[in-house]
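My structure is below; once you've seen it, I'll send some questions.
A, B, C, D, E and F label the chains in the order they appear, each numbered from 1.
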Amino acid sequence: MPYVNIKITNEGATKEQKRLLIEGVTNLLKDVLNKNPLTTVVVIDEVETDNWGIGGESITERRKRGE
Amino acid sequence: MPYVNIKITNEGATKEQKRLLIEGVTNLLKDVLNKNPLTTVVVIDEVETDNWGIGGESITERRKRGE
Amino acid sequence: MPYVNIKITNEGATKEQKRLLIEGVTNLLKDVLNKNPLTTVVVIDEVETDNWGIGGESITERRKRGE
Amino acid sequence: MPYVNIKITNEGATKEQKRLLIEGVTNLLKDVLNKNPLTTVVVIDEVETDNWGIGGESITERRKRGE
Amino acid sequence: MPYVNIKITNEGATKEQKRLLIEGVTNLLKDVLNKNPLTTVVVIDEVETDNWGIGGESITERRKRGE
Amino acid sequence: MPYVNIKITNEGATKEQKRLLIEGVTNLLKDVLNKNPLTTVVVIDEVETDNWGIGGESITERRKRGE
């Protein structure tokens, strides 16, 4: 019954990519800890680049510099 | 001063239903642990069905099958 | 399939009180939003009073003043 | 490598104000705990006032009363 | 720069198993979304079985019944 | 009424340092967004170095290499 929260910036992850994240994390927990996939919950949060900071500045600012 | 975070899928919970969740959780913490309602904080997150997985697949996929 | 996280200070909640929180929140989500109790997940975090702040000071400091 | 999550109500924080929060929290962790700013992550969540409760009612209701 | 939080019950995951979770999630985010592993953060929370509920009861109670 | 969660590795932050984090974040939210300090909540989580990963490996492994 694990619960996994994945936070990424909101920069165009597709429905298929999100499906792959859900499937991949669920399989990982089964493979490593033998957790039952039926009760593994995965929640993906897509965060605006203005609202995500690293190194003291927002991702929006970093993207402007081409990073 | 408890903090409660409720995550549900974004499938049309009304303002009134969210009010009932806030009121209900606040009362529960008062009844069970005698927590002061004035400082109990409740935050509700409504998550897109593409972004919520259980059993290795998204809620969107499950809803398509009528689950 | 809701996910609920309850954070309280670590001040002696009993196993029975935690059981009542789990049961109460699960029932609330069934009553208000018709959520299936079988897949409602509740996680309780008990946080040291040194690590919880409100009003700019820790709960430890407030408890010393009898609050 | 600290991770900080700031939740505020969605009531018009500007890009500049969010930049100041990211910068301020990152500096605070450097000043107090000597944490490397390059790996400090800050995520800001802006929550609808219907979805934030305190004192058993939503912020929307409180705002209506002028609080 | 994704941030991933994995919550599991505190039932003896080894240092090596936790290492595999960290490595596996980091690789998954690289493979699916091309996220830079150097800035992917993973935090694992191990939660007491009294503090984790599903189906309205704690994991402690379920374990007693052999589930 | 902001809610702030600070996650750091469990490597000996003192009671005084945690007090300074609580005070500093609360003041920051007042200065930047004019948030009332009386209802600003700060929760600090101290995470074991085995349970925190960055760059695909745990902090425990990095500390062994002197990082």
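Just so we're on the same page, a contact is a pair of C-beta atoms (placed from the backbone, for glycine too) under 8 Å apart; a residue touches a chain by one contact, two chains touch by 3 or more.
What you see is a predicted model; the values in this text were computed from it and never measured.
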item	value
Fewest touching-chain hops separating chain B from chain F	1
Chains in simultaneous contact with chain B and chain C	A, F
Same-site or different-site touching of chain A by its copy chain D, using the half cut	different
Chain of greatest Cα-centre distance to chain C	A
Whole-Å separation of chain centres (CA-atom averages), chain A against chain E	14
Approximate Å spacing (C-alpha centroids) for the pair chain A, chain C	26
Length of the line joining the C-alpha centres of chain C and chain E, rounded to whole Å	20
Multi-partner residues of chain C (at least 2 other chains)	1, 3, 7, 21, 25, 39, 41, 43, 52, 54
Chain pairs that touch, as defined at the top of this document	A-B, A-C, A-D, A-E, B-C, B-D, B-F, C-E, C-F, D-E, D-F, E-F
Contact set on chain D toward chain B in their complex	7, 47, 50-58, 60-61
Chain F contact footprint on chain D (complex, rising order)	1-9, 13, 17, 20-21, 24-25, 28-29, 31-33, 35, 39, 52, 54, 59
Contact set on chain A toward chain C in their complex	1, 3, 39, 41, 43
Of all residues in chain D, those that touch chain A in their complex	15, 18-19, 21-23, 25-27, 37-46
